[in-house]
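Per-chain residue numbering starts at 1, and chain names A, B, C and D are given in the order in which the chains are listed.
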Amino acid sequence: MARTRIGLFGAGRIGKVHAANIAAHPQLDFVVVCDPVRAGAEAISEQYGTAVETDPARAFEHGLDAVVIASSTSTHLDLLTAAAAHDVAALCEKPIDLDLGRVRASRERFAGRDSPIMIGFNRRFDPSFEQLRTRVARGDIGTLEQLVIISRDPAPPPEAYIAVSGGIFRDQTIHDFDTARSFVPEISSVHAAGANVFSPEIERQGDHDSAVLTLTGAGGELVTIINSRHSAFGHDQRIEAFGSQGMLQAGNLSDTAVRHFTSSGTETADPYVTFFLERYAEAYRRELDAFVQAVGAGIRPTPGFDDGLQALELADAAVESARTGATIHLPAEDFDVRS
Amino acid sequence: MARTRIGLFGAGRIGKVHAANIAAHPQLDFVVVCDPVRAGAEAISEQYGTAVETDPARAFEHGLDAVVIASSTSTHLDLLTAAAAHDVAALCEKPIDLDLGRVRASRERFAGRDSPIMIGFNRRFDPSFEQLRTRVARGDIGTLEQLVIISRDPAPPPEAYIAVSGGIFRDQTIHDFDTARSFVPEISSVHAAGANVFSPEIERQGDHDSAVLTLTGAGGELVTIINSRHSAFGHDQRIEAFGSQGMLQAGNLSDTAVRHFTSSGTETADPYVTFFLERYAEAYRRELDAFVQAVGAGIRPTPGFDDGLQALELADAAVESARTGATIHLPAEDFDVRS
Amino acid sequence: MARTRIGLFGAGRIGKVHAANIAAHPQLDFVVVCDPVRAGAEAISEQYGTAVETDPARAFEHGLDAVVIASSTSTHLDLLTAAAAHDVAALCEKPIDLDLGRVRASRERFAGRDSPIMIGFNRRFDPSFEQLRTRVARGDIGTLEQLVIISRDPAPPPEAYIAVSGGIFRDQTIHDFDTARSFVPEISSVHAAGANVFSPEIERQGDHDSAVLTLTGAGGELVTIINSRHSAFGHDQRIEAFGSQGMLQAGNLSDTAVRHFTSSGTETADPYVTFFLERYAEAYRRELDAFVQAVGAGIRPTPGFDDGLQALELADAAVESARTGATIHLPAEDFDVRS
Amino acid sequence: MARTRIGLFGAGRIGKVHAANIAAHPQLDFVVVCDPVRAGAEAISEQYGTAVETDPARAFEHGLDAVVIASSTSTHLDLLTAAAAHDVAALCEKPIDLDLGRVRASRERFAGRDSPIMIGFNRRFDPSFEQLRTRVARGDIGTLEQLVIISRDPAPPPEAYIAVSGGIFRDQTIHDFDTARSFVPEISSVHAAGANVFSPEIERQGDHDSAVLTLTGAGGELVTIINSRHSAFGHDQRIEAFGSQGMLQAGNLSDTAVRHFTSSGTETADPYVTFFLERYAEAYRRELDAFVQAVGAGIRPTPGFDDGLQALELADAAVESARTGATIHLPAEDFDVRS
């Protein structure tokens, strides 16, 4: 079977993760890595024997079947456009863009093309989250009634990043919006409450360090999202799906299965994994594989462009709700767009 | 030491629980039980050797130091008034009344009296919940930032009860409002989303079978309350307090510590306790004891009348929020009333 | 229904537990308490309104249906004999006696009498252990193949007690022998290894502070007993039953369901219950009730005299094995005696 | 830095695991694979681009620094001898040989050589087991007093394998002997009880399908090993270290962190990982890395030849104990040999 020729845009932290996964994937030929900072691209090239480019246009000249876009957010839409122009499949890191208007506008551009786009909501591919979703779908808890997503980062990003992040709802909650939609695709309303309880830096930038959101689904489902930009005990990433017949939980991960028992406490487990690339290492591998299999089979990968768009719609609604206190109702016509 | 002479109003389900606890309490003399239905009162009388009355006025003639009011909600305010008139301490089941206006109006009546009133928010006395609150207060998790209260009943009450319950927020969430306030006394705003996902009967009565609420505290705390009128796996009663230095959880209770391991699943525990009187048996005992100790020491018991009032204020705000979608801000002057 | 008239021998620590349970039992009339130390008996008498005796012979003159024997071990056989002579049912604390020869010899004495004897192996009535046994019996794990009993006390008894305890196998392991036999009634062989790892006092007395035993059942079952006279994290009392189709575990008990999460550890539960009367409070209540029901129904209570005898046989075998290193095989004729 | 040139003997199931780990290790050059069955070697060669040999003598001509010996047990000693003759470091799968006499005899042969030998007791490198050992060593539980090793395979090996396995003690328990020695290096005595409870095939071959062992350490430590050749709920691989100040447990592993809650059971986790190569995948990777680092640093790797020898001594003692029922005392001079 012919292997898929793939290129990588972006040689930063997340780019390196994709590079390693690409190199280890038996169905991929890792052809080229492209980054405006040549040194970064060369580091990856040396390790995996790829070509190096700094200009995206040149990268596309390597006869690619697919690309992974892990460059800075502002370049995503242009690279997606270029990929579509070359009929090259693209796995693009989230978010598509911070500007919902631009994403909406670009939607038409991609609608007519066959080249598939997958958005990098890697958490969909976490083994626990995916099993949970599969089991909800097959009825292990009857009808889904409530969904609770707890998503707390170990520590806030650098202040410089906060400034360009688009705010907690577009940067952190965006993952949880997609997780919510992977269970309840049609969201009818959003209520968001933001708070500033621990970080004066984040407050100075007009952003929140904590948030709680209530989403309602078209079927009456109640979805709760609980966010914090810090967590003393490590990555707190849980999903709890409550249904008419039972409940499914996906819990946190530790590095070991060790428990400690002393006179001051029993059953003490290790703190949870603290680095997101470690927490979601398996998810990144499985995400890439899902992309490769979809491209190979000629089917549209999930989550796709519209999933990225919908998550942004929810983020914008959350921003408005947190500002006004109102519950924001999402127009039903939005859903037509989704299919 | 002189024992406290106590009477009991109400010989129903909850009255029987109080009767057993009164009889077993070494500092109490169980003097009289009063219920308009004589047969109920007599059943208790036979078991514990108390006098029987059907008329409350006669009950107060037994030279009481204290009463437990476990009669129907509509009688609470009148009995509290009578207790105050006789300078008798009262432990009164929640809610004080379903009509917030009446409770507000009655507040003046009790303000000048010395006779202490305790409201039966029994969950404050659950050993796990109380330990959790104590540990939050002493700083085990640093500063409290987020509180999640999950409170799901095993099964909905009978339809007839739903009709007179005052609705999910005044009947079920009322406990969680008090729990929230036991951690975050001053609540600034309430947002509530109700849903109807499993019970056509409840929907027919214009009530919700599920709800999610977001409360914000005066210190920026975010409080989430998640309710359902049913839970396939038993009483789901959890509290999770998240702070700057860590997290404390109070989990569910099973009858045994047995775990089962098979080829289809491992570590399977028993379903959780399903009957609330069993789930909170220890809480009811400890609640009564706290009342007895406070009365004996001449200090005001907690939770008091104003705690009952505040929980009702929050319930009314939730009703309005669920109807309009708006976040309801509680006037700051409310807080002045509380002290 | 006529209530059972019951007397209590022994007003010490364990006697007080039985006294409270007797007083609270709806089918019992607590008639008399008997202890050579009058003050102890009087303390119980004052609380529960019983008669007081210091001479056992006088106690039996109160027209008793049943007695609870919670006096010192050396008096057990004599009191059992007296109870049998008066045709009074007896619930007798373990062990029957420290001298296996005396117990064997006395067996004939009781064999012909109808008055039922129950031996106070209270752990059989622990809700978790009992549920585990019931589920093994009904086949939840297929055929039982291995049983692991971990039984560690929070702290060693006083040195004075060690001296008269009969040694770890007759004093501590005796409970585990009975637990083992409640799953695997016929034990074919015993191997015991004792150790002295933490207590010079215990070593000075020629006793072990720790032990591990391997028992084999007539059906090939392998039973492991692990003992220690101390446990830093509280009472460590677990049973693990492994079978052809799965495993059942009964775990430890904490006072609360609280878990703590910090940067140094997650999911930390409270230390386990440390006082055996608290750990087994429910077991003592249920044991007494089982005795009362058996007496009421006219059936032989379990565990009976022969269960007490068998546990002692195993203890003596363990003593010999620990001394010689040999595996001690129990004669098959022993089993004939049991039925 | 020069990379280590490495060869692999054995292209079977375990050889493939080592092949993948070798290929992925950044400090190794995977030079040659050798197997008498050429097809097996060629399959590995094709994937990783190595040379292929069927004759071990030829394999050593490739200028190797190190070898991994994953061929059948009967070839281990010859290949170790050849490796020593070529001054090539060797990581050799356990056991060294099934015949203790041969291993003892060969010991002299290796004693004078510098070429390091590491024995593949991969479980030492399991992250949980290793952390547990590290924490015991640093005093997290005070003085180690008792060690419980539960080691149950998901399903028995094929009958043909049983026949040549050397019996349960040399084949399965051998790992647990090494685990025991990694905590308590000097074992003074061994008692073993074997049983036949589920497999007529294994019984027919004169082997046991289950076993319980008690080892005593030179410091009085009591070590319990519990084995079964099957486990309905997956790989049951646990260690529990009990000390004067507390306890450490290493638990089982599941593929996900999902829990299920229904009316028939709560907190149900997935069955444990069932395939040993998956259960210990990380251990195999870390074992190879430890070997590479030791070879690179010029230090003797652990576990070494004498660890392999000691595990066999314990296995032989267990065989004798299971046959006679006696506790087998290991001569103290054995320990001198170890250092």
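Details
Here, contacts are C-beta pairs under 8 Å (C-beta built on N, C-alpha and C of every residue); 3 or more make two chains touch, one makes a residue touch a chain.
Since this is a predicted model, take the numbers as computed values, not measurements.
By number of C-beta pairs in contact, C-D leads over the other of B-C and C-D.
One finds 58 Å separating the Cα centroids of chain B and chain D. Between chain C and chain D the centroid-to-centroid distance comes to 42 Å (mean Cα coordinates, whole Å).
Each of the following residues of chain C touches two or more other chains: 141, 232-233, 245-247, 252, 260-263, 270. Taken chain by chain, the contacts link every pair, so each chain touches all the others.
Looking at the complex, you find that chain B touches chain A at residues 141-143, 145-146, 148, 150, 152, 189, 191, 193, 195-198, 210-212, 214, 216, 219-222, 224, 226, 228, 230-233, 236, 242-247, 325-327, 329. Residues 24, 127-128, 131-132, 135, 140-141, 245-253, 255-263, 270 of chain C are the ones touching chain B in the complex. The touching residues of chain D, counted against chain B in their complex, run 232-234, 252, 254, 260-272.
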